[in-house]
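What follows are several structures.
Shared chain: subunit A. Partners: subunit B in the first complex, subunit C in the second.
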Partner chain A sequence: MTDNKKKGSLQGMFWTWVVLTAISIAISLWAPGRFMPRSMSGSMHLTILTIVIFSVAASPVAAGVYAAMVHLLRHNIHRGNDVPEAAEPVRENAVLTTSWVLASTLLTVFLLVWGLGALSVDDGSNGSNPLVVNVTGQQWLWTFSYPGTNVTSPTLVLPEGRTVDFRITSEDITHGFWVANMGVQVDANAGTVTEIHTTPNKLGGFDIRCTQFCGLNHAFMVTTGNVVTPAQFSKWLATQSQLQKA
Partner chain B sequence: MTTTLEHATHAPSKGGGLARRQNFLTAMIGGVVFAWLGWFLSHHFLDSTSRNYNDLVTTSLAIGWIFGFWLGIGALNGPGRWLIGADHTRADDLYYAGENQGRARYWKYCTDHKVVGIQYIVMTAVLLGAGGILAMAIRTELIVPGNHFVNQQVYNGFVAVHGMLMILALIVAVAGPWANFVVPIMCGARDMAFPRLNALSLWTLVGAAGLLLSVLTVGSLTMGWVVLEPIADQAGVGMDLFAMSIIVFTVSTTVAGINTICTVMTMRTKGMTLARLPIFVWASMIAAALGLYAFPFFSLVESQTLMDRTFSTSFFVSSAGGTGWLQANLFWLMGHPEVYVILLPAVGALFEISSVMARKPVFSYRTAIAGMTGLASLSILVWAHHMFTTGWASTLGGPFMLTTELISIPTGLFFLVIIGTLWRGNIWMKLPTVWLFGFIFNFIIAGITGIYLSDIPIDNQLHGTMFVTAHFHYVFVGSVLFGAIAALAFWYPKVTGRYLDETMGRISFWLAFIGVQVTFLAMFISGLKGMPRRYSSYSMLFEHSNFVTTIGAYMIMAGMLVLLGAVVRSWSHGEPSGPNPWHANSLEWLVPTPPPLENFDVLPVITEDPYNYGEEMVQA
Partner chain C sequence: MERSKAFGTALASILLGGGALALAGFALASAAPHQAALHCQETSPGNCTITISSYPDALAGEHGTTGGAHPDWVSYSNDNLVVPANTTVHMTIDQYDSGGALNNSFFSKVWLNGAPSTATYQFPSTNGSTYGKVQTLSGWDTNDIGHTFTLRGVPGNGTPIFVSVPLPADPSTNGSAVTIGSGQYAKPVIVNFTFKTGSKGVYEWNCEFPCGGSREGQFGYAMSSYGYMSGTLSVE
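Showing the complex of A and B:
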C-alpha cells in the first residue's frame, strides 16, 4: 500500500532538527544585541534578555516544524500528473495530540511566568529619590520641563543612576513617547497624564521618537537626549536656569 | 426539489422591463445621481458657514451613493416586490439566478452562489491590486532616506488606504470566493440559504470599495487605517468617506455571515451531519460567527466618529467629555477578532488541501474544530494587547498578556493538524501544495514574533515600530495570502474547468516566497533598530534595511503580477482539468464542472465524511 523507503528515516529528521535548532539559537543570541539600540537602562537590558530567552525557547519548536517540513519534502513527495495512491489512513493519535497540547501549554506557561515576572520585577525605578520630568508632546515636537526649576528644554538631559519619573501629556492629539534606548514607551494623551519610570545606567546620547501616528510630520517628531553624571546634570540645570531667567 | 434545471432549454424570458436591464453600469449611474442628490439637498438646506457643513455634505453624498447604487443594481427589487404583494415568480427567480445569461450575469445582481463566488474572486483581485499599488508607492517613498516620490500628505493617505484596502481584501479573499462557491455544494445544497442576501453582500462590498477608493481623490486622510481619535478629528472630508465606507462594508459582512451560518445550519443534505462536514465548511462557519461578533463594533466606532464630526457629539473628543481610549477599545474589540475572521477560512482551506493532496484523512478532525473554535473564542478576549502602551488601565496588562499568550495553544493545533495530515502521506506536489508549504514556513515566523509582542516588557520597546508591521505582514501576506492562493489554485479547476498554470504559478510562488522573506525579515530589523511605523521618512540609521525591504516588496509585486497573468490566461487557455482533477471525495468535486445552476440533479445522501482516503483499501 505504501512504500516503506518513502518513509525516510526519523534519524535524518532528528539531525535536521538539531542543526536548525542550533542555527536558530545562534541567531537568537546574536541578532538582538547586533540590531537593537544600545541599552541604557535596566528595563532595556531586561527587554533584550527577554527577547533572547523567548527566541531560544522558540528555537526547538520552530526547528521542529521546519525539520518536519524538510522530512516531508525529502521523503513524501509525489511528483507528476498522475494521482498518488492513498496513504495509510491515520485519523487520530491520542498520545501525539495529548503531548502536543501539553507541550504547547507548558511553553505558554513558561512564557507567561517569565513575562509576568519581568513585569513585576521591573517598574524601572531603583528606589532612589526620583527626578520628575514633565514631557509634553505637540504636533510635532517634544518639550521637557523640570518641576522645581524654571528649565524647559527641547532635548532631554538626565543624570545617571537616578530614577526618572516621566509625567507625560499632550497639548493636542495623541503622541507616543518612546525612549528607544531605555525600553520605555507610553502614549502622550491630551487631558491626561501618563507616568512611566526608568533609571538610566549608562552615559551617552539616546533617541526619542514618536510612536503614535500624529499627522503630517510624524516622521520628524524626534529629539535626542543625553545621560550625564549627576554633577554635570546639576551644573547643566543651573546654567539653563540662569539662561532661561534672562 | 429534484427539478433538473441544467436541462432547461427555454431562452431568457423577455419582458420584465427596466428591472431586468439593471447591471453594474446602472448601479454606477444610480450611485452618482443619488450622490449628487445627497450633495444638492444638503448643500441647499444647510448653513454653509456651520462648522460641520463639509462633513454633513460629504456624508449625505456618501449615503446617496450607496442607496443609489443599491437601487441601480436592483438590490431593492426583490424585497420591494414582496412588500407590495407582487413577489417574484419562479421565472423571476431563475432570471435573477442568471439562467441562460452567459457572461452578462457577472455584471448583474445575480443570486447564483457560483456567480457570486466568481464576482468575489474579481473583487478580491481588484482590492489587492489597488492596495498593492499603494504598497509599491509606500515602499518606493521609503527606498532611500529623504526620498520624495510622493508628498508627505499624500503618503499618509496612501498608508491609511493601503491598510484598509488590504484588510477588506483579505476579509473576503477566502471567505468571499469559496464560502460562496464551494460551501453550499460541500453541504449538498442547491444554493445559499438566502440567495438575494448573497448578491447583496457582494454588491454592497463593491459600493463600499467605491467609497474607500474615492478617499484617495479627496486626499486628507491622515491617520492610518486604525484612524485613532483624536487625530481623526483633524482629518478632512476623506475621513467621512472612510467612515461611511466601513459602515457600508459591515453591512456586507453581516449579511454574508448570516447567510453562511444559515446555509450550513439549514441547507445540509440528508446524512450530512455536523461531524461529516468538510473542515472548510466548519472554518467558514466559525469565521462567519466571529465576524458577526466583531464587525458591529467596527460599524459602531465609525458611526460614532462620523457623528462626532457631523453632529458635534463628543464620544471621542476629550475636551468635551469624551475619550480617545473609548475609541481605541471599540476599535480593537473589532480589530483583533477580525484577524481571525481573516485567518480561519484560509486555515480551513489548507486543512482541506493537506488531506486531498497527501491522500490521507484530515488528522485529528475534532482537534481542528476545537482549535478553530478555541481561537475564535479567545480572540474576543485579547483586544487590549493593542493598548499596552496607551497608558489605559495598566493593571489589565497581566490579564491581557495571559489571554494573548494562550492564543498560541489553539494556533499550535493548526500545525499539529496540517503536519499530522501530511505525515507519511503521498504528497502530490501540485500548485496548491507548493503554497501550502510556503504557508507553513511563514506562519511559524508570524506566530513566534506575535509571542514577543504579547509580552509587555518587549512590547514597551517594540510597540509602534516596524517590528509590529513586519509581524502582521507575516500573518497577512506570508500566511493568509499564501493560504488564499493555495485555495485559489485548489478550487480554480472547479470554477473554470482548467488548471491554474503550474509553471507560472510556481514562478509566482518563488518570487512571492523569497520576496516575503526579504521584505519582512529586513523590516523586523528596521523595527529592532528602532524605526517607528508609519514614517514617511527616516534617518540614515535605517537605510540598509529599508532598501532591502523595498527590493523584496518589488519581488512580491512581480510574483503577484505573474499570478494575475496565470489566472487570466488559464481561465480560457489553461489545461483542461475535468470535474475532479485532485481525485477528491467532497461533494463539490462530484458535481460537473462548471457546476450547473442549482448544482445537483438529485440531492446526494451522505454516509461518511469526505476523508476516507486509503480506508476502502483497509476494509478490502
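Showing the complex of A and C:
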C-alpha cells in the first residue's frame, strides 16, 4: 500500500470512529429512558444514570473496535492462495500503544470510582421514621405486612417521600424480591431476614416480580404495588386494618 | 463447490435449530393444562356457578378411575376452569381431604377480588351423618387447613381478581361415606364464595397449603405439576 493510500484509509478509519462514537453516544443517552422501567426512587435514578454514564464512556472504545474492524475488512482482505505479506506490526508504535493503555486505564479507573460511589449510596438509610414492611415470599406469592398494625396484603402500598425499610424473607425456598422501578432487587431466603431501604419519590403503580426460578408458577409470581400520598396511605392502612380485624 | 457446501451447512443448521425450537415449544405446550374445560354455568344474566372438589388422591377427578400416573397425589377435580368476563362467579368447592398447618397464616383468611371478605362453610359431623348450619366466616384456623384455592391477579389487567379461600380440613372420619370415581371419601366440607371477573385473560391458581410432599419446601410433586393442585381460570 502506498503512503498516500495508507494515510487515506487511516483517515477513513478515524471518521468511521467519529461517526460510530456519535451514534453510540446518542443511543446511550436515548435508550435507557425508553426501555428501562420508570424511575420511582433515588436508587433507580442512580441505576439509570450509571447505565447512561457507563454506556457513554464505553462508546469511543466500542466504536474504535468497530472502526478498526471495518477498516481491516475494507483494506486488508487477502485474496488468493499465496501467503500474504506480513502486516506492519503496531506493537512497536509507541504513540498508539501508550494512548490505548492510558485511555483504557483512565476509563477503567473512572468506572471503578463511579461504581464504588454508586454502590455506597444507601437510598433511605438517613430517613427518619422509616416505614417497616415485612416482605414474605413463598411459592408462588408475595405477601406484605406492616408491623404495628394487623394489616397483611398481597399487594404493596407505600407512601410517597417516606423511607421504606423492607425486611425480606421466604417461607420455603429462595425467591428474588425485585421492584424494578425502585432499583430494589434482593434475594428472599428462608430463615433469614434481609434488609434494604428505598424512598419512593413518584406516585403511581409498579410491578413486583420474583427473580429466582422457584418452580412451576415462578413466572406468575408477580404482584402490583402503588405509591400513594401519605394521606391516602394512612387511609388505606386504616381501612385495611378495619377490614382485617374480623 | 465450497460455496454450495457452506450454503448447505447453513441451511442444515437453520433447519436443525428451527426443529429444536419447535420441539421445545411442543414440549412446553404439552406441559400446559390439558384437562377438559369446566365451564361456569350461567344461572341468570351476569351470574354463573361452578363447582370443583379437592381430593386426597387422584382417583375421582379428570385423571380417571385409575388415577393416571400418580393415583396417590392430592388433586383438584379439574385444572381448566372457564368463566365469562364481567360476571359474578358463584364458586363451590367440596373439600374431601384432611389437613394441617399453613406455613403462612395469610392464607387462612378469605380474600375475594383483592380485598378481605367472607365465604360460607358447611361442615359434616364427625361420623358424616349430618351437616351443621351454614357459617359465614372470614377465615379458618391456620393449623387446620386442608387446602387453599388461591387465584392470582395479572398486573395491569384492570379489575383485581385476587382470590384466596382457605378450605378447612375435613372433620369427618367416616372415610367411606361417598364414592366418586374409584375413590371413597368422607363427606366433604362445602365452601361457597363469590367473585367478579373483569376483562378477558388467563389467570393461574394453585393451592398454598404445603401438600406436595418433601420436595421444594413441600411444594413439589402434586404442587409442582399441572393437573393436580394448580390450574388456570380462563376469563372469556
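Definition applied: the second predicted complex is superposed on the first by the 214 of 246 C-alpha atoms of A that agree within 3 Å, B and C clash if a C-alpha of one lies under 4 Å from a C-alpha of the other, contacts with A are read in each partner's own complex, and residues count from 1 in each chain.
Methods note: a residue touches a chain if its C-beta (ideal position, glycine included) is under 8 Å from a C-beta of that chain, and two chains touch if they have at least 3 such contacts.
The structure presented is a predicted model; accordingly, all values stated were derived computationally and were not measured.
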>> Based on the shared subunit A superposition, would you classify subunit B and subunit C as clashing or fitting together?
In response: clash
> Looking at the overlay, what does A:T97 touch: subunit B (first), subunit C (second), both, or neither?
Replying inline: first
> A:T50 contacts which: subunit B (first), subunit C (second), both, neither?
Replying inline: first
> More residues of subunit A are touched by which partner: subunit B or subunit C?
Replying inline: B
>> According to the stated criteria, A:Q138 is in contact with first (subunit B), second (subunit C), both, or neither; which is it?
In response: second
>> Quick one: is A:F220 in contact with subunit B, with subunit C, with both, or with neither? Answer first, second, both or neither.
In response: both
> Should A:A190 be classified as contacting the first partner (subunit B), the second (subunit C), both, or neither?
Replying inline: both
> Of the two partner chains, subunit B (first) and subunit C (second), which one does A:D207 touch, if any: first, second, both, or neither?
Replying inline: both
> Between subunit B (first) and subunit C (second), which, if any, makes contact with A:I173: first, second, both or neither?
Replying inline: both
> Which parts of subunit A are in contact with subunit B and also with subunit C?
Replying inline: 172-173, 190, 207, 215-217, 220, 222
> Across the complex, what residues on subunit A touch subunit B?
Replying inline: 1-2, 6-7, 31-32, 35-37, 43-44, 46-47, 50-51, 54-55, 58, 61-62, 65-66, 68-69, 72-73, 76-79, 83-93, 96-97, 100-101, 104-105, 107-108, 111-112, 114-116, 118-119, 122, 168, 172-174, 176, 178, 180, 183-187, 189-192, 194, 207, 209-220, 222
> Which of the residues in subunit A come into contact with subunit C in the complex?
Replying inline: 136, 138-141, 143, 145, 152, 154-155, 171-173, 190, 205, 207, 215-217, 220, 222-224, 240, 243-244, 246
>> Going by the contact rule set out above, which residues of subunit C touch subunit A in the complex?
In response: 103-104, 106, 109, 111, 114-116, 118, 138, 150, 152-156, 160, 162, 164, 204, 206, 208, 210, 216-220, 223-226, 230
>> Touching residues of subunit B toward subunit A in the complex: what are they?
In response: 152-153, 156, 222-224, 228, 230-231, 233-234, 318-319, 324-325, 358-365, 367, 389-391, 397-398, 401-402, 405-406, 408-409, 412-413, 415-416, 419-420, 422-429, 437, 440-441, 444-445, 448, 451-452, 454-458, 460-461, 463-465, 525, 528-530, 532-539, 582-583, 611-615, 617-618
